[in-house]
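Shared between the two complexes below is chain A, which pairs with chain B and chain C, respectively.
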Partner chain A sequence: MSKLKMNGVSKAYGATLALRRGDLEIAAGEVHVLMGSNGSGKSTLCKIIAGSVRPDGGEILIDGRTATITGPQSARAQGIGIFYQELSLAGHRSVEENICLAMLPVRAGMFIDRAALKARAARYIDLFAGVSGDGFAAETLVGNLRADQRQLVEIMKALASEAPILIFDEPTSALDRAQVDRFFDILRGLKSDGRGIIFISHRMDEITAIGDRVTIIRDGETIKTLNLNETDPGAVIRLMVGGAGDMPASRSSAPAVASFSTGAAMTVDKLSGAGFRNVSFEVAKGEILGLGGLHGQGQSAVLRAIFGAGAITSGGIRIGGDHFDAKSPRDAIRRGCAYVSGDRGRDGVIAGRPIIENVTPIHYLRDRLMIAHPSSLREKAMPALAAMHTKFASLLHPINSLSGGNQQKVIIARWLIDRPDVLLLDDPTKGIDLSAKADLFALIRQLAADGLGILLYSSEDAELLGNANRILVFNGGSVTRELIGEDRTRYNLYQAAYEAA
Partner chain B sequence: MTPTTTETLRSRAGGLKLWLERYPFLPALIIVVALLALNGAFSPNSLSYRSLTGLLSTYMALIMLAIAQTYVVSAGDIDLSAGATLSLVNVAIVVLMEKWGGGAGAVVGAMLSGILLGLICGVINGIVVATLRLQAIVATFATSIFFTGIALYVMPVAGTPAPALFWRTYGGRLLGLPFVFYVLAALALLLFLLSRTRLVTQLLAVGDDQQAAYQTGLPVVLVRVKGYALCGLFSALAAFCLTGDTASGDPLVGGKMTLYSVAAVVLGGSALAGGWTTVVGSLLGALTIGLVNSLVFFMGTPSEWQNFVQGLAILLVLMAGVLAGRRARA
Partner chain C sequence: MNVAISFLKKPLVIALLLIVALLYLGESLSPGFASADQILRLLIVASLLGIVAAGQNVVILGGREGIDLSVGGVVSLSAIIAGNVMNGADGGILPAILACLAAGAFFGLLNGLGVTLLRIPPLVMTLGMLGVLQGLLVVIRNGIPSGRAAPGLSAFVTQPLVLGIPGIIWLWIAIGLFMAFMLNRTVFGHRIYAIGSNEHAAYMAGVPVRRMRIGLFMISGMFAAIAGLCLLGYSGSSFANVGEQYMLSSIIAVVFGGTSLAGGKGGYTGTMAGALLLVILQGILTTVNIDESGRQMVFGATLLLLMLFYGRGRAMRA
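Our next item is the complex of A and B:
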């Protein structure tokens, strides 16, 4: 009998289907790997099991009986423990408190039993003795730990649930070799106890080392379950990619490029900083350079650092022939660098203000504008908005009245009034609809044809393959591979992204 | 030689950081000591046993209210109705004690009712903020008006006196020691016990990262409601101290104490964002405000300038505390 079974579980956020159809069966004593590209629905599936996301439909069976999971507390009570990819730790609490936080041992119904808490936490801390690194102690505050140590605490916390069903959503992304080996030893022990384990990782070598079966998720749908010892990595990647995997990016979608002979728009030389190291590349005028790879491998960090919003520890940047070292985004904008983030709410939209105010801030900054006349601003704003096919009732309507796609168009339009030399796009199409995406990429190609150097990071591989002239694949903070011309295929992109770092 | 020097420097800085992590109220303690010294410099008499006892019994209400505020701040919330709760409990117990005859039984009965009333106010705030998910600042501002309205209904004008038994006990002595010392000792014991409870750890975990706490499986809504209940309880205790000090009921007395309580929490070294708080610090923060006020008085500031100097002094103290904390943590 299976420990956990999901039938046709689905979840939508507004109009976006995060999970179309999830079918999954976990047997006792197996490590079941989930594989799929960015945004394919793995994390949503896990969170549904763990109760922190409520499904819209489908059923979940635990030990053969239909289970109703109303929240994380109820999931725990029904024997489900989880490692959250984004971690669920309290930074100002100690390691031992975090490990036991879900079930704090108490005396007299209200006072924490410190001795019991220490003893319980020590059991899990000892599992990683010797590999947990300097400064790791039961009393250390989690906020003072390194990223890998925090990840270990989250692992210990998941293990401390002692749940028969354990979910690990990318538990190894920051761990070093020795820590991973120790963790896998523990997992093997849990397997022989008969626990059911769901495991997500993007490293192919880890998956073959620890997994028994693999289920592939593509576009929110569980495609197929395979026995790992009867299959090879190539086959798994082909399933993740879908039928079109071996075809090169279609020629018709290759960008209309001006001649590269006009020289480099931006040169980046051995750039290192928080989240990336030793990154070098050159973007020609009129070129769209794609940054690919799994989410969070340093692509955004590089773009933000160039724009002056992140720290650079060494290396140099040149725009045109000039040395470029923006100390702040304000500085970067003045010197002809543009940045569009997919996280509109945080980095783009001036919430609650009229559209015209959202189109013109860059113009204010670059022209050192102090007093502006609305009609002259309108003349500048209208063509920029028209170039994007932006739909809006009037310039004075608040930006929040627009759809996500139209908001993003307004954000991009603000860079079109005074043309920058380099455009940095940081996953610009996150959460916007298909027609808006099409408009956006048509414009980006037009801008490239006009001679801008464009850096495009996208979490959707199709966008990279369809628009970028070259693709740099990021893995673990540095560029591990460059895909040019015929090599720009989905298969190559996935393979480079999933290689062991 | 150089590497070893930097090494020791680093470990010394790390040591200071560790100390601050264990005792986050240290900067506040230093400031209190400095203010005491300044008070003594301007008026040696202000450091006498008698005036210090007086200071403590006057500011005990603010200390209690600052501690009340600390528990909601721990969970990342705020309570702008703490002062109004204090007012409501103040007028309610004065009216009840008068109605029930002013004897020992009446005093005890009124105090129990006062505690219950404080808890009810806290739970109402908790339901409004945590269950109905309204913005804490605005929602508790609204309930503060609501509580003040009830207080004004209970006692339309200030001035009803509290029974002599009540304020004589508070301002008097027991076994040769001023009664407020017993209050302080009882408070210390209560705070010590509370610091050991599961609830306080849960409040801090919720304040650290509410989403993470929810995903961990903590009953976030219930924990926040309990935090507000605790705040209501301490607001009631604050009302007792205030009634003992002023010996009368006043439906508007607590209004301006609310923001003083928030200020005391911050002066004490707690993070207003939640997850990192210290009740001892809040106690010291409230004392800081008291000492600043008495310092302004002893310096002989002309009365029309007292508010100005008071505000300036609190700003300076706040800056000193923040800078010290930042340097030690860097």
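Our next item is the complex of A and C:
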């Protein structure tokens, strides 16, 4: 009998369908793998099961009975435990307290039973004895632990729920080999207890090592469930990619500039820092170099570090022929580097201020202005905004009065008054509408044709395949593959992204 | 109609209407309250507050919980420094101005360094600085005489200069024009708003956030120092903690004028109206024989009431 069954579960956020149709069946004693690309609906599916997202339609059966999950509490009560990808730990509490946080043992109705808490936590801490690393103890504050140790605590916390159905959403991303092996031993033990386990990972080798069955999600729909021992990684990736995955990037998306005889715009040599290591590449003047791979594999970290907003521990950068080591964004901007973030609310928009003041800050810096003369600034800002086809009524209206796409256009327009030599794009189209995306890429190709060197990271593969001359695939913080020419296919991109790091 | 309503909802318009209403109330409570002479005297007192509030204004506009609680201490210290440097001689006015500005800039610099480099919250940093300044005042007052204002300075503050209006009111008007120009027409002003409304975005757009913030505290210290000097001219000689009242009232004036305590929103014109309003309110309270402690309670309650009306919003965000 199935532990958990979902029939036609769906969820929409406004006009966006996050999950079109989710059908899933978890048998007792199996590790069931969910696979799908960024934004395909895996996390939404898990959150629905865990009760943190309420589905719009469909039914959920637990042990064959229809279940209504009203919230995280209710999910826990019905036997569902979850490991959250964004860890949910209390940094100022000890390891043992965190492990027992969901169900603190209580004495006399109000006092925490320390001895019982210690004993219960010790059971789960001992499971990882020998691999949990230096400085890991029951009394250590979680805030003092390394990233991999915190991830272990989150795993212990999920295990401590002793739930019959366990969900692990990317539990191994920070763990080392020995820790993963131990974790898999524990999972095998749980399997033999008859628990149902949902497992999400982006490492193909882990999936084949631990998984029994795999369900593939694409564009918000569960496509197919396969037995892992009857299939091979290539077939799984082909299902994730869908129909035309083997076709090379289409002819209409030919590079903006066919050949670059003009030399390198930027050279990056063996660059290492927080979140990435040993990254080397060269982007020519007029080239759009794509950074691909799964989300959070170091692409943003590299771009931010080049721009002076992240730490670099070793390696070198050159722009043109000059050594480039920006200590701050201010420094980077002065030396001809530009950066557009997809998180415009945090990194871009100066909320509540007029559009004009959101276009001019880079111009102020590059031209060392002291006085902001309205009419001359207007002359500079209008062509920049027009180049992006920005729609606005008045330069003096607050930027918040614009749609998300138009806000992002304003943010990009600020780099067009004084042209940079290198443009770093960090998932620039996140959350903007299709026509704004089209305007943006038309402009990016134009800028490349004008001789800028452009680095483009995008979480949407179609944007990379359609615009980049070359694509560097990131995996675990380093470049694992370079796709050139006919090799730029969805299939190759996925395969490189899901390879073991 | 809608235009009229939105016009009436502007904090500046509300403040101006309240000013007229309070003057009328004062006149009806005590005839002569709104006489030309009396209004001139209120304007002189308002100028002193308004100058302190100019510095408070830029610190608050700069955001990140920016506030300067040490202004009162700087005002007192500056009055003492000025009194001792000039000691009743007109020739000492220029050295006194320079000494006061240097002291104000110095303590502003310390505030700014504490907030940016040591990452001490402005509330705690400037409150601590206020404590240091108060202690310093006690030490100084036990060591040296407090000094007297030069006749030229007293005349500047209390006697008509041009068009029958005292110099300090002209100075306040000049500061008002300077602030309006700085906030609206200079890169520095635009950057104040930028760091106040989204510090991280400003940083990513090349704004030197730390240096800016240090500069804002220095400006605040210098404005407080100028006010301290003028206050000496107003009272003739300095006495202990003359500046004490300016901490709370400068904040109220800024908030009254529509500047958000969360930063990034507001301006100095409203603050000027706020300062005037507060001084008139103080005058009325004095007229009806409410003593200093009662006035302080009314001021505190006013600030809380103001927060209720339009200070909250963004300040409450997590």
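As a convention for this text, the second predicted complex is superposed on the first by the 499 of 501 C-alpha atoms of A that agree within 3 Å, B and C clash if a C-alpha of one lies under 4 Å from a C-alpha of the other, contacts with A are read in each partner's own complex, and residues count from 1 in each chain.
We take it that a contact is a pair of C-beta atoms (placed from the backbone, for glycine too) under 8 Å apart; a residue touches a chain by one contact, two chains touch by 3 or more.
Only a predicted model underlies this, so the values are computations on that prediction, with no experimental measurement involved.
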Fit or clash between chain C and chain B when superposed on chain A: clash
Contacts of A:Ser132 with chain B and chain C, given as first, second, both or neither: neither
First (chain B), second (chain C), both or neither touched by A:Arg76: first
Chain B versus chain C as contact partner of A:Ala50, first or second or both or neither: first
Which of chain B and chain C A:Thr360 touches, first, second, both or neither: second
Chain B versus chain C as contact partner of A:Gly348, first or second or both or neither: second
Chain A residues within the chain C interface of the complex: 307, 309, 328-330, 333-334, 339, 341, 346-353, 357, 360-362, 364-365, 369-374, 414
Residues on chain A engaged by chain B in the complex (per definition of touch): 50, 52, 71-73, 75-76, 82, 84, 87-93, 97, 101-102, 104, 106, 110-112, 114, 141, 157
Chain B - residues contacting chain A, complex: 21, 193, 196-199, 201-202, 204-205, 208-209, 211-219, 275-276
Residue ranges of chain C touching chain A (in the complex, touch as defined): 184-191, 193-194, 197-198, 200-208, 264-265
